[in-house]
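First chain written, first letter: the chains are A, B, C and D, and each begins at residue 1.
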Amino acid sequence: MISYRPDPSELAYTFGGREPVRSVKPGTVVELYTEDCFGGRVRDVTDLPSVVCEFPFLNPVTGPFHVEGAEPGDTLAVHFVSITPAREWAISSTFPHFGALTGTHTTATLQPPLDEVVWRYDVDVDAGVVRYHARRGDYSVELPLNPMHGTAGVAPAAFESRMTIVPDVHGGNMDTPELVAGVTAYFGVNVPGALFALGDGHCRQGDGEVCGTGIESAMNTVVILDVIKGVATPTPRFETDDALMSAGSARPLEDAYRMSQHDLVTWTTELTGLDTLDAYQLISQAGTAPVGNVCDPNYTMLAKIEKQYLRGTSAYDGIHARLREIAR
Amino acid sequence: MISYRPDPSELAYTFGGREPVRSVKPGTVVELYTEDCFGGRVRDVTDLPSVVCEFPFLNPVTGPFHVEGAEPGDTLAVHFVSITPAREWAISSTFPHFGALTGTHTTATLQPPLDEVVWRYDVDVDAGVVRYHARRGDYSVELPLNPMHGTAGVAPAAFESRMTIVPDVHGGNMDTPELVAGVTAYFGVNVPGALFALGDGHCRQGDGEVCGTGIESAMNTVVILDVIKGVATPTPRFETDDALMSAGSARPLEDAYRMSQHDLVTWTTELTGLDTLDAYQLISQAGTAPVGNVCDPNYTMLAKIEKQYLRGTSAYDGIHARLREIAR
Amino acid sequence: MISYRPDPSELAYTFGGREPVRSVKPGTVVELYTEDCFGGRVRDVTDLPSVVCEFPFLNPVTGPFHVEGAEPGDTLAVHFVSITPAREWAISSTFPHFGALTGTHTTATLQPPLDEVVWRYDVDVDAGVVRYHARRGDYSVELPLNPMHGTAGVAPAAFESRMTIVPDVHGGNMDTPELVAGVTAYFGVNVPGALFALGDGHCRQGDGEVCGTGIESAMNTVVILDVIKGVATPTPRFETDDALMSAGSARPLEDAYRMSQHDLVTWTTELTGLDTLDAYQLISQAGTAPVGNVCDPNYTMLAKIEKQYLRGTSAYDGIHARLREIAR
Amino acid sequence: MISYRPDPSELAYTFGGREPVRSVKPGTVVELYTEDCFGGRVRDVTDLPSVVCEFPFLNPVTGPFHVEGAEPGDTLAVHFVSITPAREWAISSTFPHFGALTGTHTTATLQPPLDEVVWRYDVDVDAGVVRYHARRGDYSVELPLNPMHGTAGVAPAAFESRMTIVPDVHGGNMDTPELVAGVTAYFGVNVPGALFALGDGHCRQGDGEVCGTGIESAMNTVVILDVIKGVATPTPRFETDDALMSAGSARPLEDAYRMSQHDLVTWTTELTGLDTLDAYQLISQAGTAPVGNVCDPNYTMLAKIEKQYLRGTSAYDGIHARLREIAR
């Protein structure tokens, strides 16, 4: 096991275009710290993100990690052992011209932005809850804690370097509440060493992250990084004990849906030997479509199928079960 | 209670533009039969929909029902008491240039259509399952029965008449797996009597109805039709014992998301007295976004919130609880 | 020739669902008057549309006209002989939550609407200009007059009735500056008599009608209505002396582009005998894509090709040239 | 004047992430050669791009050029003096799952790709024409030569490096037929030296580049590179003797429209002193919306206004006129 807590100067703001902070062997357990999407600068409701944060130093990630032996055409497997909020508070906010229910940079309107408002949540890890407090009025309610990472991925292909806020086939800011402890995430490797990085912890978020942010928190997270040699992965995939998922990130949102469903149909075909249209039919009736984000530069949706409907198939030669065992 | 089983000649193919088949008093329990989306003409895997069905005689609905006293500006409440498959088999199929993973009439491509293939499912109501059989190979699996209606709604506003396949603010072909027994659906009334109609039963469907059809079945369904006077409803809403939902139907899919989330934020504001941005924040972290269809002329998404996060609020003056009690 | 000037009570607000106001023989020259999209109620900058107009009595059309002998599967040819502004002023305005640079009913945002502002233009038919006056400051400029109709079409298929503001395959509110005098428009006939109606004159408009309205004016318009028997037209098409055009109306905007380009490729294939991919290539390099509206319930784009690149082909057996001759 | 003809090994495949090939003073006339989007490897109709080209070595650009003194917050002005096809032939082709009338990587469908077909055009610079030859049948037609560059831009902000095929606010693969000789293009500077690069010459293209490629040609091009200090440019803009244009690149296509129209409205406000809504109105009636590409990772549209409607305003302090004079 290695442990890594980045100095603020070590934080990364892109996938690609960065030297690795560490090099690890496949199978290494990595304990790391991730800063929140505000770089920890928003600590109270009076800290407006547009004032205390500076573009492009937003949504920092920890890494990248070079995984020895990972080559283009391989798959990086990242098993999430645990994700634990690092503070007793967490932040959400609106941000001018960002979010789903406002005009934005691309959905450009002539209307003034919504007010920039910050909410500070109480975080109680032991009780497994966060507490919401309304800003304008006396209203408070507990919500279940569901720690997750909004941003995870590898260096992109084609010599690209992408802001961490962008989700695409290399991963990135998918912002899906499915990316929790117990999941194994799979990323296609595009450059030697894969260059995995992680950030943007959320205590929880609703589907679509409609206001533009989750309940943002620094996290102490443990992952296992492993490599599947000679097997490519076209778009990020997730596996739990019970289910398989494919992620699609694109605009408009139906294309994120199409990409994710297309990959799950194709993957199902490979795993079961079913004909493509037979797999299309099975996913059509048995699949679900968890929504990731509907606010980032690309939107993200997942396509998900319970393994029980795939008759005991084993993805990636059973690596999830093996990593799960190590995690225990 | 009234009972109504339409003669095939009585089936409707639009919302609006039709005389009512029955007039009922508010609070009436209605037992009715709905034909499947193929008009019952596809009975085996050799019955190709494009051959045995004739445009525009697709997706028939039962109704419309005139509900006495319903006037524009009121809300029609439809409580679904039970939805029971009427046959021991059910059908799904691809259809040329229809579905999410194919070029379509609007997403027009020069590629030939996918093969038109029919799947026939076994339906076992007592066991609560349907059985999928692959068409090309030996693969069979049971899926849970989850009977629902894809199409439900009222006559549209503005003198419009819409094909039943179109979902919009009047309801229509939303194709959401949330529309099951136990739900109360709310529709804004646009014409005297509301003119409610119902059809397109599915034994179950996956999120998005990706291939274009669910597991299509005739249904025996019991609903209670009631009227909420003097309260308008801008877009279809659903209520269960535990949750509230708003539906949005539009293209692109992010607009269906925006409409549904916008209505749920607005509704939450009304129900709780929260400020709009406080409600936006609460829904952002506590809400979910169940996907309806991603294949119909408009796509449908829901925004959903557990009532427990709204501190015991009561929607529409508690009518859901009252209808639920009657249903029992 | 017949002449028809509707009483306000005769104006129509839908395509479909209306009895014809006149029945005419194929080849009839029809002189008619169309009211502006505000029903003539906005006459000065102090008349706010949201105050003086009443939903759904917006965007009135003149008609429908029953054309004798037109049957489903035929094509209605409408040659525009002349379009002349009927008043010495014309109106444009913003309208709350309508237009391309604002949140709307479907692109739902939580921002307040833009201000509702009315502009009154001077119209000088003899000089061929309109004059713009800024509302907030001293700025005035002449623009060329280019009289056109935003709304033209026939009754839809499938028992539908659609608000006049909606463009679709039946025509409707396409809002394209290509629909000017000298053009022959072709519409597929869906019901006996076709039921053609016309309205929404603009003195001119920019591409996309970005603020939501053109320079709206009542018009005195002369058309020739004719029928092409036994030839179907899948989406509205236009012909000038020099060019052929296909219209596509859909959301998102790329689907309006796809529909229009797809139809022009297909039509080119039929007219020239070219292979589909050869026609695709030719349109790719020689075609243009005039933008209609980017603000209505469906967006509209055209695909356009100069006839000179089609080697003297004649569409619809040369009817445009014949009607053009009659018009002279 | 400097002259630069890159060795194939010097070609770039990204904007950003590259060392400059030359450093030039502001005002320098640069004569350069650009290779076609296939890297010159497709020379005949039997050279299939998917066979002879290798991802990611597609759409090479010449550069980047470091322009001395250009700093973030400045604007790079690039005046196109001349663009001349470098060969007597040029190539267009379909490419599997690329183009507007086919399923793609993001608009993912289960249909097989369209056939991959190559067309070779004759180029006659003196006569000012290209000649199309159908591949399947005897059909040939001349089209006007209109040499343009599909790809032009600077290094992106935020440490990003983007494939040359992507258009965005840094420029890139906008594929607009407006980018011809006589135009001055303006790009916001994101990194010291701006790092301008240029490629993807087309002998001509239709609006939207519907099949995915223009008539692709190597080019001999002369540009003048200059810097406007202390003036930022939010999205690429173009100026001709008669018109101003703003470019927007996004998905869905309406967002490209919104971005471009929004920038033109804002720019008009700055240039004329008009109120924002008055500028919105003027652009709504007087503006056009030339379509760039509807096939690349982002779609591109322009918003265009004739200078005559802006009462003699001068953009960027008249630099276009000065560079135009130098070019003569």
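Here is the rule we use: contacts are C-beta pairs under 8 Å (C-beta built on N, C-alpha and C of every residue); 3 or more make two chains touch, one makes a residue touch a chain.
If you're wondering where the values come from, they're calculated on a predicted model, not measured in any experiment.
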When A-C and A-D are ranked by contacting C-beta pairs, first place goes to A-D
Can you give the whole-Å distance between the Cα centres of chain A and chain B?
32
Could you put a whole-Å number on the gap between the CA centroids of chain A and chain C?
47
Measuring from the mean C-alpha position of chain A to the mean C-alpha position of chain D, what distance in angstrom results?
34
Of all the residues in chain A, which ones touch at least 2 other chains?
101, 107-110, 114, 251-252, 258, 261-262, 265, 277, 280
Overall pattern in which the protein chains touch one another (line/ring/star/complete/other):
complete
Quick one: in the complex, what on chain D touches chain A?
13-14, 16-17, 55-56, 105-110, 157-163, 248, 250-252, 255, 258-259, 261-263, 265, 276-277, 280
Using the touch rule from the top, collect the residues of chain B that touch chain A in their complex.
92, 94, 100-101, 114-115, 117, 119, 130, 132, 134-137, 139, 141, 143, 204-215, 251-254, 257-258, 261-262, 265, 272-275, 277-278, 280-289, 291, 294, 299, 301, 309, 311
What part of chain D is in contact with chain B in the complex they form?
101-103, 107-114, 252
